[in-house]
Every structure is written in structure tokens, then in C-alpha cells.
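Here is the structure we will look at, set down as C-alpha cells.
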Amino acid sequence: METSVWRALLYLVGIMVFAGLNAAYLGWCERKGAGRIQRRIGPCEVGYAGLLQPIADGVKLLSKQLLVPRGVDHILFRTAPVLAMIPAMTSMVAIPFSANIQARAIELSVLLLFALASIGMMAVLLGGWASGNKYAIISSARAVSQNLAYEIPMLVTVITVVLLTGSLELREIALKQQGGFWHWNVFRLENGHFLTMWISFIIFFICSVAETNRAPFDMAEAESELVAGYMTEYSSMGFGLFMMGEYLNIVVGACLTTTLFLGGWDCPLGLTPGVWWFLIKIYILIFTFIWIRWTYPRTQIYKLLNLSWKFLIPFSFANLLITAALIKVF
Amino acid sequence: MNQYWTDIIYGGKSLLTGLAITAREFFSPVVTEQYPYEVPTMTPLFRGHTELIGNEETGLPNCVVCGACPRACPSNCITLEGKKAESGKGRVLTRYILDFSKCSLCGLCVESCKFNALRFSRDYNLVSFDKDDFIYMDLMKRLEEQNRCKK
Amino acid sequence: MSVPLHLRSDEVFVLNLGPQHPATHGVLRVKLTMDGEYIVKAEPVLGYIHRMHEKMAEDGIFAQFMPNTARMDYLHALAFNHGWALVVEKAAGIEVPERAEYIRVITVELNRIASHLLWWAAFLLDLGGFTPLLYAFDDREKIIDLLERVTGSRLTYCYMRFGGVLNDIDDEFITGTRDFIKRLRSRLPRQYHDLVTHNIILIKRIKDIGFVSAEQCRRYGATGPVARGSGINYDVRKNEPYSVYPEFDFDIPVFPEGDSMARYMVRMHEIEQSMRIIEQALDKLPAGPVMGKAPRQLKPDAGYYYSAVETARGLLGHRLVCDGDKNPYKLKLRSPTFSNLSLFGEVAEGMLLADALAFMGSLDLVIPEIDR
Amino acid sequence: MTICEKLQQALQPLFPLCDVSSEPLVKDEPQVADSEKEESQTADTPTVGVLWTDAGRYGHHLDIVCLPDQVVPVAGIMDREGFFLEAITGVDWLKRQQLEVVYDYNRLGGEHCRVMVRTFLPRNNPVVPTVSSVFPAADWHERETYDFYGIQFQGHPNLIRILLPEDADFHPLLKDYTP
């Protein structure tokens, strides 16, 4: 019992540090990546190649005054950003970083992650409603309908993976995919799954982009229409927490994609599995998030919804049926 | 129904070409000019604020206080003062104040000057903590500074 | 895609697309009465950057109004210079030498390309794409450097005088322009059309959005790319030729659909046409003086004069009334965006907020030109 | 049979008495410059009628002067002939105590023909019927002319100031306006 307390403390600190550093330095990666795509340099003044820029931003956000607009429910206004941050942090518990690095091997970890994701959506709704700003209300209404529309195909594609591995536990899923990239779910070759798996990978990736309100699906905080969406009235750390929440959601989305489809901590040639492979895969996926954001314009709310209802959901159900049939046959 | 499929195929292809283009841009060199370290050079006809021309030897302004430029200026930013020259003929410039906060750099004053006493300077980054440096920009003082640093 | 609206009075709220909003590109306020996200009534409120240029014209002599013209539409300032120079030359009967006319056309067309590039960047910014802005500004900087070399200023030009232009163009300007055209021609298919025009997200975002019929254009007096996007073949350079435009052959892009996509395609084709004009003008550039003889004290004889010029946004008309004095007696500036925006109220009804902003972006508004 | 001639036929019923004089209207324009010759103010307003002018010199083909209440029928004819309303503006003739409203019509596409319609109003209560029922473009142009000159446009849907602040009580473009 005594080691488990130390172990819990160690993991608690480890996850906090991992989450904090990631939230800060993803901002830096995004600005550097956007810069390079737009043929400019990005932050380069503060510290070598701008590496201290996130720290400077953090200090600036901390030192600013948190303005609460008049006639607004204080409690709700202050809890919304915290509510955006906590689910993203807690879902790090269930993610298997490598064979022996996992905070707690929870039995139904896939379910836990999606439950926490919908709490994150609550935060957006609360933030928009509590700030009493017309733009924020429009943006929170959009965010709810968008997250709802994209959770269904996401869950259905996850079911196809769970059907394959037979268990809802992320560690199991990852263990099943060890030993080289041909064992990964994306390229699952035996008994004919290669047909359906990459479709569900693409659908899952699109839904994770939409789930984290990232362009081209950033209808919620559409800078050029709704000024700053649900974050309009937030200054200093309220805005900071919302941004950290968004970046952590991206990290969790990337971890989920790698664990479900890209074989978790497995090395592509099956030689030296370890946590560094897991991190490399996450950061490649995160770079594609950034890459997509700086390439595409924004979709319009109705086209976005019918993209989900008319395209993604039918495809994911068909995919599910085929996978189930294949499992039955072989 | 085929509109449904063409959307998917055509859309997917256009999305991928978009990604390919930004990827190529990601790896191509930086285009921007890092301002404080790389200073841009102005073209010969660049219009900075107007400045007096001093003749080479004496360094005194060529201006004969004829008053053409204050009349030509649409936003009357030029105030001139001159006094009789000791040698009896013509007038000598004593004060030339340009209100650079109202000047629209239209060039009508430089055009109206028949005595080649006014031209556009080429400094673009004028900075000061005090607005009066621009409202009462003393071109005589600037000419003396120029002469001093030329020596 | 406008949904029939039953005006549920209790759920209608007024949203101020305020004078300070990222999508209005200036200080335009649109009072939107909204039902959910649908617009029930849209009413633009103007005057936040009104400076009364017409009274300034009456105060100074004719030459002193030239700097004002560039402050109205700073994206296509040279066309406004050209319009004012044309109307006064018409009134006072001043001859402009051949070379000056060619230089005027070259610089105006270069300025038109710069204006369309900036519209394209701002339009994509409204629709959420950030990167195209940087690519467009990369090209636009080349034009601004070229124009700075010959006119002296970068945005608000005061380059044209009655009877010609201020400075002659040198060989470096000519070779620079040819390199720029070659470079833009190589970049247009990739960075502009493949990345954006053929992108399915953009097509879905602006196709069949903000339909404006030809009849609506005529009744509201919309001209320029807005009218040409609705099938009206009207371009002042062709219908009412001025300066040396008849000597160049270029065609007018007209798209009948009338939606935002049509207006988008009109402007993209106009960039190519302007490049054609510049090349022909550079080939046929005659030698000679750039400044005709213009009287020092301009006193045009009394009467009503009108000159029309094609700017990047439409027909710019100068209605000048002279009474023989050295000041203009009365100057009316018919700015194109003033009429183009007047149809926003009627077309935006029943639209979504996101579509209305896409539609406003496709109208290519420059607010100081509306408010004068 | 150019558009302008066709238009002139259409306008004939409105201006039966006038003969089509071709010399430019400017001639009988009062020489405001030589102010020492004080004429009687209202006598020399230009005669009502249709007049050809040289487009190269003045920019418009036809110059029509009409009475204030003929403005709407003229606008109706213009609309039927396919013209569009380019601009409405006012001119303040202080010396003759008159306010003038100038309507510019032009053709969108096809053969080029610009028509200028002018009407004169007494300076003390300048009232003219609105054409915004025929051309919605006039709505804003008339509001702007009211804003700058104080000309009342009868029947205008909401004649309020468009460019100046709502509570401004002056009309800046009048010649006797001192800031």
C-alpha cells in the first residue's frame, strides 16, 4: 500500500507536468508551424527561437485582471474555464503511454474518455451562456450542435475497433497491436479487415478535429464572425484556461487516435517499443492538426452538420456492419 | 445521387492538393524581412517629410521666403518667417516650421518651389515621445544637423 | 437557401455587427435583427468615418483636392486620382501627352491587381483561412514596391497632375513589372486556384450564397464586379472608353450565376486581364514628355461636367459643377461601394449570419469610400 | 436610332412645348462669376426642356431640366428605357436663392448614354417628390442629399441623416454654412 501512494503522487505530478508543458508548448508549435507554412518565422524574440514565448504569455495572462461583465452569474462565469480544463487533464489518467507507464489501468477507459469529452462540451455551453454576450450565446449554440453531431460517428468507429480487440480497455487494445506496423489496426491485414479499418481511421480523425473545435470546424470560436465566440468576455486566466483546455483536448484526441489505430507505444518495425514511439506518433498527429488549421477556410454551420449527418454517420454505420460481418465470417 | 459521390471524390482530391501545397510552402525558405536586423532601403523618389536644401559651400538654405509653398499646401502645415538680408537684396529664412502631423505628403509644395529649396527626405522611421516634435518640426534645425554631420 | 421567417416577436433580438468588427473591414455598422441565427432585417448604418470630402473640394483650388482622392478608396487610390484628373482636364480642356496616358493606365492597372489581391486575402480571412492572406500580401508587396519607385508613396498616391503625371517611369520599373507579371502568372494556378478556388470547403461556403439578380443590380445601381457577377456586361473601360483604353484588347469577365462564387471568379479573371493590359501598354509605350502644358491658375469655364472611371469596385463618377471661379463650385463623388452596399439589406434577409458575412466579403467593401 | 433618340421620343409627351435646341445649355447659364451684373434672381433659371450636349466635352448626352413634380414621371420613363440611377446630388445656387437637385442616369451595358435631369427648388422650402419608389438606389442618395442640403424628399420611407451624426442640426454643403 505504501508504494501505491508514492506511485499515485508520482503519476499525479507527472501528468500535471506533461499536461502543463504540452498546453504551453503546443501554442508555441502552432505559432511556429503557422509561421513556416506562411513563409515567415513565427516567435523568435523571447529566448532562443522564441522558446520562452509560452512562458511569457503565461505570465502575461496570469498578471492580467479577470474582468467579470455586469449582470452575469459570477459562479458560472468562473467555473466555465475550469470546467473546460479538468476533463482534459483527468482523461490523461487512462491513456497508456507505454507498457508500464500508465496512471491507472481502468477497465472501461474508452468509455471514461468519451464521458469526459462531453463534459468539456458542457464547459463551452456554460462559458457561452454565462458571459451574457450575444456573440457568445450564438457560438455556444453552434458548439453544442457541432459536438453532438460529431460524437456519434466517433463512437461508432470506436466500436469497430473494440469489436476487433474484444475489450474496452485501452491497454488491451494497444497490446493487441504490438509487433510492427502490419499489426496496427489501421493496416490490419488478416481476415479482410484492411478494407474497413482505414475508413474508420479517417472518420475518427475528422471527428476528433471537429470534437476539439479546430479549423476547418471551428464554428464555435470563429474569429471573423463571432469575434471570439464563447471566449469573448474572458480575459486573463479565464481565456488562458480555455486555451489550455483546447490544446489538451487536442493532445488527448491525438493520444486516443494513436492508441486505437496506430498501435500505441509500438515501434513500426516491432523492435524497440517504448514511450518515445508513442510521443513521436502523438506529435506527428498534432502537427497534422496544425497543418489542417492553416490550410483550410471554415465550413458553414449547416454544411458542417450535414457533412456529419449525411456523410460520416452513414459511412461509419456501414463500416460497422462490414466489420461485424467480417468477424462473423472469419 | 452522383452529386453525393462527386462531392466526396472531388472534395477529397481538392483537400489533399491543398495540404500538398501548404506542405511545400512549409519547407520553402522564409520570405519576410526581419525588420530591426535587416533595414529596408528606400527608393530615390520615396516621400519622407519635406526638408530644406542647403547650397554646398555655405550650407545656408536656398529658400528666399517667397511664400509659394504655404499657399500651395492644401492643409496649410507650413509657417515661414524671414528677415531682410544684410546685403540689401532678397530675404533670408529664419524659421521654417512644418506641421508634419497634418502633412499628407502630396508634394504640391515641392512642385511650387521655383528656387530648388525644398525636397522630400527619405527617412521613414521618425519616432518621438512628444507630439510637438512633429507639430512644430523645425526644418532649419534639421538642415544644420545635416550640415554638421556632413562635415 | 433562405428559410421563410415567421417573425416570432419574442425571440427576435438585435445584434450589432458593430462599427468595430473583424468582418466589416472598417467602421461599418450593420444593425441585424436576428431570429436565432437567421437574419430577419439588416440595415447598414453609415457615417462612422465620414470626413466631408465634398466640402474640402469647395475650399481649395482644383490641384489641392488631389491628395483627398487617394484618401477615399486607399486600395485603388490611383483610379480615384485618374477620375479627378479626367474631370478637371475635361472641364479645363487640357491635353495629356501620349506617354503620360500610357503610364497612367499601367499604374492604375497595377493598383487594380493590388486591390484585388488584398480583397482576396481579406475575403479568405472572413471565411476563416489565414494562410492565403500571407501569400497574397507576398505578391502585393512586389506591386507596392514598384509603385513606390515611380510615385513615391506606397498606399495613398498623389501622383497624377492635370495634364500628365509627376515622374517618368525608368527601365528598372519596366523590368520589375515584367518580372512581377511572370512571377504572378506562375503562382496564380498553384497558390491561388489549387489551394483556394478548387477547395471543396470554399466552394460549399460561397456557392449559391447571396444571389443578386441583374434586375436588382440595375435598380440599386450596383456596378463593377458585383454587376458583372450577375451577368451584366458593363465595364466603363469598354462601354465609355476613356484615356487610351481603346488601344488595348482585353475582355470583360462576366458570370451569369449572380452568387458569391461568380463575383469571386470575376475578380480572379480581372487580375489576368489587367496583367494583359499592362503587358500591351509596356510594349506600346511611346517616348515623349510626361507632363502636358497646364495653366498655372486653372479657371475652367462654367458648366456641368461628369467623368466616369472603372475602379476595382465599380463605376466612380465625378459630377463637377464649375462657375468659372478657381475653386470647384460643387463636386459630387459617386462612389461604387455606396450603391453596391445599398442592396445588402434586401439580399441578406433570411440568410444565416455566416452566409451574410460571406456575402458582404464578396461585395468587396471599402468603408471610407462609402462614407466619403 | 440611338438609345438617346429613342429616349427623347419617350420624353416628348412630358415636354411638349420645348424645341430641341442643340446649342449647349451653358450659354444661357447665369455668369455667376461676374457678380457686378446683378440680375433678378428667379428670372434666369434655365428653361424647362430636353437639350443635347456634347458628351466628350461634358460627359453626359442629354441635359433635361424639369419641374419638381415631373421628376417621378421622368424617373418612370428612365426605368422603362432600362437606365439605372447613378447618383442624386444637390447644388446650392446662393446668388439665385435656389437649390438644384441633379439626377444622373446611365445605361448598364449596351450602348452608352448618360442623362442628367435637373430641377430647381426655392431655397427657403426645398421640397421634391422622392423617386425611391421607382429606383431603390435613390433611398440612400436622397438621404445623403437631405443630410447635406436639407432638401425634403416627399414620400421617402425614412428620411433621416445617413452620414452625419443623427443629432446634427446643420446642413454642411449649403454655401452659407459656417462651421
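We just call them A, B, C and D in the order they show up, numbering each chain from 1.
Convention: a contact is a pair of C-beta atoms (placed from the backbone, for glycine too) under 8 Å apart; a residue touches a chain by one contact, two chains touch by 3 or more.
Just so we're clear, the structure is a prediction, and the values are computed from it rather than from any experiment.
C-beta contact counts were set side by side for A-C and C-D; C-D has more. With chains reduced to the mean position of their C-alpha atoms, the one farthest from chain A is D.
Separating the centre of chain B from that of chain D, both taken as means of CA atoms, is a distance of 43 Å.
For the pair chain C and chain D, the distance between mean C-alpha positions equals 26 Å. Separation between the centroids of chain A and chain D, computed from CA atoms only, is 65 Å. Taken residue by residue, chain D touches two or more other chains at no position, since every residue touches fewer. Among all residues of chain C, those that touch two or more other chains are 131, 135, 138, 195, 199, 201.
Residues of chain B found to touch two or more other chains are 15, 18, 21-22, 25, 31. By the contact rule set out at the top, the touching chain pairs are A-B, A-C, B-C, C-D. Residues 46-47, 50, 52, 54-55, 58, 87, 90, 217-221, 223, 227, 232-234, 239-240, 301-308, 315, 317, 319, 321, 323-325, 329-330, 332, 334, 338-339, 342-343, 346, 371-372 of chain C are the ones touching chain D in the complex. Listed in rising order, the residues of chain C touching chain B in the complex are 56, 60, 63-68, 71, 131, 135, 138, 145, 148-153, 156, 158, 166-167, 190-191, 194-195, 198-201. Of all the residues in chain B, the ones that touch chain A in their complex are 4, 8, 15, 18-19, 21-23, 25-32, 34.
By the touch criterion given at the top, residues 7, 10-11, 14-15, 17-18, 21-22, 25, 31, 43, 45-47, 72, 74, 104-108, 111, 120 of chain B touch chain C in their complex.
Residue ranges of chain A in contact with chain B, taken from their complex: 33, 36-41, 291-292, 294-296, 310-311.
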